[in-house]
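In the two complexes that follow, chain A is the common piece, with chain B as its partner first and chain C second.
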Partner chain A sequence: MEKILLKKALPQWVKALASYTVYSPKKDKEESWNYAEIDHEDFDPNFLNTTLPPKKILFPQKEIFLEFSKTAEGSQETLEVKEVLPEKKAAVIFGVRPCDARAAWLLDKVFSGEFTDPYYWIRRNQTTLVGLACDAPPSENCFCLSVEGSPFSEEGLDVLLTDLGDRYLVKSLTEKGEKLIQAAKHHFHDPKPEDRKKVKAIQAESVKKIKRQLKDARAVSSKLKGSFESPLWDEESMSCIRCGICTYLCPSCHCFDINDEVESASPLKGNRVRTWDTCQFPDFTMHSSGHNPRPEKASRLRQRLFHKFQYFVETYGQFQCVGCGRCISLCPVGIDIIKVLDKVNKHGS
Partner chain B sequence: MEANVYIPKLAKIIEIKEEVGGARAIKTFRTVFTNGTQFEYRSGQCAMLSIFGKGESMISISSSPLVKDYLQFSVLKMGRVTSALHELEVGDLIGVRGPYGNGFPMEDWKRKNIVFIGGGIGLAPIWSVLQTALLKKEDYGELSLIYGARTSKDLVFREECEELKKKMRVFLSIDVAEPGWDEFVGFVPQNVLDKKPSSANTIAITCGPPIMIKFVIRALKDLHFEDNQIYTTVENKMKCGIGKCGRCNIGPHYVCKDGPVYSWAELKNLPQEY
Partner chain C sequence: MAKIEDLKEEAKKLLREGKVKYIIGYGVGSNGWMANPVFVKKPEDVDALVWDPTCVHNLTRFLVDEKRRKGKEKQPDTRPVGIIVKGCDSRAIVVLLQEKFIDRKDVYILGVSCEKAGVVDEKKLAKKLAGKKPSQIELGDKDQFIISTAEGKTEVPVAEILAERCLECKANFPVIFDLMSGDKTKRTPEKPFGSIEQTEALSPEERWNFWKTELDKCIRCYACRSVCPMCYCDECVVDSINMAVAADTTAEEKSEKIKWIQRSPESSENFVYHMVRAIHLGGRCIDCGECERACPLDIPLRFLNKKLEKEAKELFGYEVGFDVSQPALISCFKDSDPEDFIR
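After this line comes the complex of A and B, so read on.
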């Protein structure tokens, strides 16, 4: 369903969502945009995109899985293990860029299947994603079109907003999205034909403004296999300082670690925690014997690109990259996956 | 709501046997769940063991699923968790979640001969299959075991292997000669070539150090085994056990979920990242 919401009524909409925790991009002390809880007056649509994707709200960098504790009564010791699930509280994220929502749609695939990840799904199911279509690419390294996304793609979103100057065209995409509109329905009106026309024009312009392109990503995907032993991985990873920022900032990277954090050794008390991890760290795959299947930087860069452009395609039929460009813009040594994949493309021919 | 996959069930250690001492110590643990948890599994599957406060480690189940009285794990003391496990005593509690992985396709092996080829701790995953095959002996053809370790002191299930000799052919080996050792001296692949198991209607299962597996497979190929007659298990570092944490992959396969059992026909086409 499509509706019109005047921009000046947006705070009223957010205000009507009092039962939700509301997140949106907010400028932090370092002048960097990041998702934070906001008050109804705070939504500022003047952001391009956030440094960290909204992934952290659905899949936090650190979360507790369970608590363990030992209590001793005389010689009798009792071990207690208690599941710790995320707090039940509806949330809404305003201003999600379509690429980041598409990444959530990819995470959905990872965290379901034969084994469901309860922590992810509790958060995912109670969170409504309100997207903001890109009328211009938020980053000079945007390349969503090359990986089957677009500046107004809808996958993963519950609502999509398109900025029409003094108003938004509000498209609700799911039941969750519909519920959000119903919460302040008197602020929403039916769109006029010219509103719809304007959306089309904005979309057509927006697509033209995307500068970067990965040529024929599906072909790259099939050519990757043949590049496994290529020296190009050594060459391209030479400058890598294995900081892992490419994966920590990635909206679709999902690798994690599980560890026990001990608060007290005696009597034993602590938490089992999940934290983000990265395939770019050598100990990610190192066996306790010291043997490491991916010991060099080359094998780890290769793993990141193979995972995103070949393995994920084989498993889920989609690229595990949404073209947000963060890993390119923020790599401290300028490793550019588009350029690397272009080399793969040439390597095969 | 379905059970939380990340929450282990508590199990009590009811028996500990020291298999191997020294720097590369191996102990076999038998555990029972404290609350009557049902734990159905297949030979070759693994379980994630927890020592609370230390973490988790993926260990292959060395008992047969036909034996319902306990779960058995033979563990090489290596990292933080396995070292902590070695400190435990009978009566202590650990966490167990699983089972994980695919297991051996034993139902496809009816009436076939099985030759088990193990090195060191690699006998653990084999042991479950071997026990299952022995308990259902009528379902299988001839069973034989070729097993070796660095020294006689490094052989696991030593007494059980002697007992086994009454039921099946057992060929042991050690890498270097020792006084009193009257069986084969040399590496496991050499023993395979020496004993020349026939490939006719036979499945070969090999587990052990990667270098041993590589040469055992070469030996089996020399003995005319086809790629789909050879099975092995792969190890990689694991955290989640359910194909999500991203580290145990070999190509698009997650060893924890899609493995750890592979036929050589499958494994030889995957990248060498294990």
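After this line comes the complex of A and C, so read on.
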């Protein structure tokens, strides 16, 4: 369903969502954008790519699975284990870029299937994603078109807004999205044919504004296989400093570690916690024997690209990269996934 | 004025004669203007090298990789590696030599002087250009940067977009080198510790709140540690496996290893991480500012290191990275040291 919402009525819409925790990108004092809780008047549609994607809300860096504690009464010791699930609280994220929403759609695949991850799904089901189509790329390294996305893709979103100047065209895509509109329905009205025409024009323009391109991603995907032993990985990873930026800030990277974090040893008390982990850290693959199957940074860079462009494609038929460009923009040494994959493409031919 | 041609000529010669294994330098990044580290192995590739005010990286960090790589080879190539260094970076080499982490014969140092300028701060530059994209940045001869954009050239006074550390730099030319390009232009910063005045003036409570807000942002990607040439430990307390495990390490030994820090990005854990790092850099940090530049969450890490640099100077008269023969601050004492209990 498509509706029109005047921009000046948006704060009223947000106000009507009092039962939700509302997040949107906010500019900090360093002029970087990041998701934070907002008041009804705070939404700024001109945001650039946030440093951390909305992944941090759907799949937080720290998730407590259970609490454990030991109590002693005389010689009787009892170990108590209590399951902890995410707090039930409806949330809405205003201003999700279509690429980041596509990443959530990819995470949906990862966290379902043979095992359904209750922690992820509680958060995912109680969070409504309100996307904002990109009329201009929010980062100079945007390349969503190359990985089968677009500046107005709808996968993963509940609502998609298109900025028409003084108004938004509001398209609800799911029941969750519909409910959000119903919460302030008197502010929405039906679009006129010229509104729809304008959306089409904006979309056609936005596609043209994307500068960066990964050529023939599907071909790269099949060529990766033959490049496993290539010296290319050594060369391309020479400048890698083995930090976690490219993966932690990636909207679709989802690897994690689970640890028992002890708060007190006596009496025993602590939590079993899931935290983000990354294939870029040397200890990610360290075996307890001391053997590390991915000892060099070359094998770790290769793993990141193989996972995104080959293994994930084999398993789910999709790239595990949405072209947001964060790993390029924020890499301290300028490792550029597009450039590396272009070399793979040439290498294979 | 520092010229890349001088360095290129030398680099070509070194590679042609096989005197160095490869050269660590700066090349143009994929956005066409920002420099990035490059590794030049063949004389014909030397033309990829650039020198301009976007050469922000401290390349000495790659000497740590080189040493590790060499350590794993059965018959290592013992030739030195060539490396391009600025003044600050050269002082990192001094520390690595002082700590005997590397040997002088392991490196062939191609120094460049920043002269009256230094490197740009990408954020300040972006703000200045207000949306315009640079295509090239050069240093002019009137203390200005000349920035080319699609809309034409803009001149900006050096001081306006210089990296903070460069504004406080006291040795803007290499202190150790085999070949140097550019002049040893002396520059005395007005306030060598000016950047930390604001945090020093805070009350303990305000300071706590300041650091809590900043460090709560930390996602522990460890970019600050990874980019630092001084963070070369094989074992680091923050890693989940923080011991060198060998085939004969028993399960008991592994289980008994103390876990100093939890993986959860909580205030307490983030504080421990950053305090441990700052303390370990006391008397070692040469203020290349790489940790702060690499941080994706804009945590002002330089303040911590600068404060310790100031303490070392004021308490022990110690300045980092100027003298290879000087014993390291934390491994020596003098009778004149202010701590009475040492006597």
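For this structure, a couple of remarks:
One rule holds for everything that comes next: the second predicted complex is superposed on the first by the 349 of 349 C-alpha atoms of A that agree within 3 Å, B and C clash if a C-alpha of one lies under 4 Å from a C-alpha of the other, contacts with A are read in each partner's own complex, and residues count from 1 in each chain.
Operating definition for what follows: a residue touches a chain if its C-beta (ideal position, glycine included) is under 8 Å from a C-beta of that chain, and two chains touch if they have at least 3 such contacts.
Note that this is a predicted model, so its numbers are computed, not measured.
In the superposed model, A:A265 lies in contact with chain B only, and not with chain C.
Using the contact criterion defined above for the overlaid structures, shared-chain residue A:R294 touches chain B, although it does not reach chain C. Legend: residue contacts after superposition of the two complexes on their common chain; A:D257 is shown touching both chain B and chain C. In the superposition on chain A, no contact is made by A:D163 with either chain B or chain C.
In the superposition on chain A, A:E314 contacts chain B only, with no contact to chain C. In the superposition on chain A, contact of A:E31 is made with chain C only, not with chain B. By the document's definition of touching, neither partner reaches A:E2: not chain B, not chain C. Legend: residue contacts after superposition of the two complexes on their common chain; A:L66 is shown touching chain B, with no touch to chain C. Of the two partner chains, chain B and chain C are each touched by A:M286. Overlap of the chain B and chain C interfaces on chain A comprises residues 257, 259, 262, 286, 288-289, 291. The residues of chain B lying in touch with chain A in their complex are 1-2, 4-8, 10, 50, 52-56, 78-80, 82, 93, 95, 210, 235-237, 239-240, 242-252, 257, 271, 273-274.
Across the interface of their complex, chain B is touched by residues 65-66, 68, 70, 79, 81, 83, 85, 110-111, 113-119, 228, 254-260, 262, 265, 268, 270, 272, 277, 279, 284-289, 291, 293-294, 299, 303, 306-307, 310-312, 314-315 of chain A.
On the side of chain C, the complex with chain A involves touching residues 29-31, 34, 36-39, 57, 61-62, 65, 123, 126-127, 133, 219-223, 225-227, 239-241, 244-247, 249, 251, 254, 259, 262-266, 290, 293-294, 296-298. Every residue of chain A that touches chain C in the complex is listed here, in rising order: 28, 30-32, 51-52, 61-62, 140-141, 235, 238-239, 241-245, 248-249, 257, 259, 261-262, 273, 275-276, 278, 281, 283, 286, 288-291, 297, 328, 330, 332-334, 336, 338-339.
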